[in-house]
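The structure appears right after this line, and notes come after that.
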Amino acid sequence: MSVSTNTRVGWASVTPAVLWTLVFFAVPFMAMAVASLYPKGGDGLSLANYTQFFANPAYWRALTNSLEVTAIVTVVSVLLAYPFAWILAFVVPERWQRLALMLAVLPFWTSYVVRSYSWLLVLAEKGVINTTLVNAGLLAEPVQLANTRGAAVIGFVHFFVMLLTLTIYANLKQLSPNYAKAAADLGASPFQSFIHVILPLTLPGIMVGAFLTFVLAIGDYITPQILGGNNELLMPQLIMMQIGRRGDFASASALSIILMAVVTVAYLACAKWLKIERA
Amino acid sequence: MTVRSFTRRLAGASFAALALMGLSCGPASAADLNALVWCDHSDPNLLKPFEDANGIKVNVKEFEGTGAGLAIVEQSQPGDWDVMVIDSIDVRRGVERGLFEPLADDQLPVADLFPEVKMDQFTVVDGKRYGITEKFGYNTIGFNKSKVDAKDMESLAALTDEKYKGRIAIYDYYLPVMGLAAMAIGKKTAELTEADLPAIKDVLLKMKANSKAVTDVVASQTALATGEVDILVGGGEWVTAGIAKENPDLDFSVPKEGAVLWSQSLAMFKDSQNKDMALKFIQYIMSPEGQARLATSSCYWGMPASTKAALTDEQKKTLRFAEQPDFLKRAQGYPAPSEDLDKKMQDVWTEMIQAQ
Amino acid sequence: MRALSTLYAALLYGFIFLPVAVLVLFSFQGTLFPIPPFNGPSLRWYDAVLSDARLTSGLFNSILVAVITSAIATLLGFLSAWGFTRFHLPASALLRGLITLPLTVSYLIIGMGLLIFFNWIGLPKSLIAAGIGHVVINLPLCFAIIYSQMGEHQANIERAARDLGAGELQVLTLITAPMLWPALFASFFLSMTFSWDEFVIAFLLTRFDTTLPVEIWNLLRAGLNPKTNAVGALVFGVSIILAIVFELVAFRKRPA
């Protein structure tokens, strides 16, 4: 490590980024925290926006709905992505792997708003799946797929399977094949070697991917709004409703802070896997 | 190179980048007309002729619900906005906040309006007109007549009837649908109080139990048009008329209990920097051509407030022009809750959505 | 085992491609509803998209915001990564933590905070406001990527350059940046991707001039028709072209 005696150059180069983050991230966050304590139409400092959240089951449910949906999405995405990443890393011949990965990422180059909307077209009562199944005689009449929690989960899983496949693939590729060989030499069955050797070694990759999935999914407004049919509300929908319907920024701030607290807990739970390593 | 000149260059570069952003995306020019509107006003077919005739750009910002609209105004600088579309019954709320400019009756075709939708009790305050009704219609029962028994649609009771379980969508706007729910149990929309909310909530929960989804304007149209649902609670000409060509089976009824009359007005901001142009815009919208284009806007159709709107006979038939006197007689206005009741109504609405 | 793998991969590819295939197919729909039966092909919706001034200006705005904010985020990320690696700064770990913190926060919350903050200081809603938000979300990413690529061998070369009389700015622009250019390019490109597709911050912080995702959202709310499919398919096409360019530029084999 080279150390210049001239630390002023060092300060000059880090200050813009630090200032930017302070002014446009830390300060706004504090502004939001303060705003949440001054309820709309109230007279002064009050915790009303928070007590309302915990007292009103309709609000409270938004959080439990969010946690349920996000948990389902994270687990399903990991379970689907792991074997897929495995196949890409070990079954697909080396020279085709880049192409295979590119293909897996390709559909995500559509706009994200449009992607949710396309799922609506696929899942609608008169959409592609129902029409195909009914025409093929597999269904007597269309079933409701769109406008359900399931539809929102499918929309989420679609995106996160891709994301997790990438992170897990990168992790698997870093494993030395010698680990598995060594385990086999010591008499482990392929299953044992997977459970006791490969899986623990890829756990950090899985956790990073799972955490990203959690953060991105729990804060997303578009997917549940387009696909969920408003049959239930998740936290981001409740937050946007405060703004869109009532212009109640204080209440929206309080709900954002609560959401932030939940994400922080998740972060602390995963913190040990989330270090940025330097080459 | 010295540290200071290094830092200065760095600052210079960041500043240049910001300035570039400023240049290319500066605020709307003062010559533009800034309008706070509902989605039917965003239709280029409506705006383009006015823009071309006056050599001006109309910037539109859409909002949902008076509360949100007023919040947008409160967060803007005075003079940011020139005109606003607002529920006729809420014009007073803007006047109370000192936002609106009086409009001169002799410069507007007030005499051409359907008398029932002039709504002077709401749009005229202390003898001065602050809003002029531009479009109206009904939140009632929209349905697909090939799929439901049209006779059932003559009563709001059908909406909570087991017979239509799983075939209903609810329009996601609390005011009109709660108004309908109130009418279903014989209450007047103009007289709602907090004491009525539990009974209204019961009706809403029954509707929800029957429904497949709670849908916004577009999702409502889609659900009805594609056969996803057969009935839309809160539907009306605004959801069926625009897609009548694609699906002629879509219709609406005004049941025996009545329907909720929606009515939107145009108002001018007191702090507008461009009042002449704002007035011209209002005059354009109220002209026979403007009225026809607004009535058949791509976002949603509705009845023009002016009897002179230049609509074709076919468009008039789709909007059921001839039946208006009877509809208007039986319709009731939107509920006009106080701020406090408004919040409680929205909470009931949230509970309805969250109910499983 | 191999057959099972092939089947699984095929199913997953099917799942991943299904909505895009449907999207593109029904962008050529002849009638008002993008659902079966397909009765195209027709180009009427593409025509409608290209003659829609709001969508084309949204497209332009999106490109502008993506390019400028990614440039700023990459520049700030690069400078700070360099500063933290090459100099011993007090509270370095804390400051690095601060810079990466926004990575762990939902966009919605960042957008809400900026909305309240800008409202307080009187900065009107605009593309600039949204652009500031995009730098906030992309700066940590750029920093993390570039910081992870800063190694010892580059420091040695920098030292050699200094010994030969180069000033700090010369070292930075002529030595460090070229050596790190794959990381810089990757940061810039990833930032572009995130900014290009970002919805909620732009939705909360812009007024009239806005980005493409927000215009698409407005379009969705203004009436269901295959126009949305056509925009989506166009964005898809443009993105694929960009991805190919990226592939060619970033990963072509360079002579050793």
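Going by the order they are written in, the chains are A, B and C; count residues from 1 in each one.
Just so it is clear, a residue touches a chain if its C-beta (ideal position, glycine included) is under 8 Å from a C-beta of that chain, and two chains touch if they have at least 3 such contacts.
Note that the coordinates shown come from a computational prediction; the quantities given were computed from them, not determined experimentally.
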Result of counting contacting C-beta pairs for A-C and B-C, higher pair: A-C
Chain located farthest away, centre of chain C as origin (C-alpha): B
Between chain B and chain C, centroid-to-centroid distance (C-alpha), Å: 35
Cα-centroid distance, chain A relative to chain C, in whole angstrom: 17
Multi-chain contact residues (two or more partners), chain C: 35, 79, 119, 168, 220
In chain A, residues with contacts to at least two other chains: 6, 9, 12-13, 16, 124, 126, 243, 249
Numbers and ranges of chain B residues touching at least 2 other chains: 3, 6, 10, 14, 75, 216, 219, 222, 226
Residues of chain B defined as touching chain C within the complex: 1-3, 5-6, 9-10, 13-14, 17-18, 20-22, 24-28, 34, 39, 42-44, 59-62, 75-77, 80, 216-219, 221-222, 225-226, 242-243, 246, 298-299
Contact set on chain C toward chain A in their complex: 2, 5, 8-9, 12-13, 15-20, 22-23, 26, 34-37, 76-77, 79-80, 82-89, 95, 98-102, 104-110, 112-120, 132-133, 135-136, 139-140, 143-144, 147-152, 155-156, 158-159, 168, 172, 197, 199-200, 204, 212-213, 216-217, 220, 228-229, 231-233, 235-236, 239-240, 242-243, 247
List of chain A residues in touch with chain B within their complex: 6, 8-9, 12-13, 16, 41, 56-59, 61-62, 65, 124-126, 144, 146-147, 229-233, 238, 241, 243-249
Complex contact set, residues of chain C against chain B: 31-33, 35, 52-54, 61, 64-65, 68, 71-72, 75, 79, 119, 122, 124, 126-128, 131, 167-170, 207-209, 218, 220-224
Chain B residues touching chain A - in the complex, by the definition given at the top: 3, 6-7, 10, 14, 63-65, 67-72, 74-75, 166, 172, 174, 212-216, 219, 222, 226-228, 339-340, 342-343, 346-347, 350-351, 353-354, 356
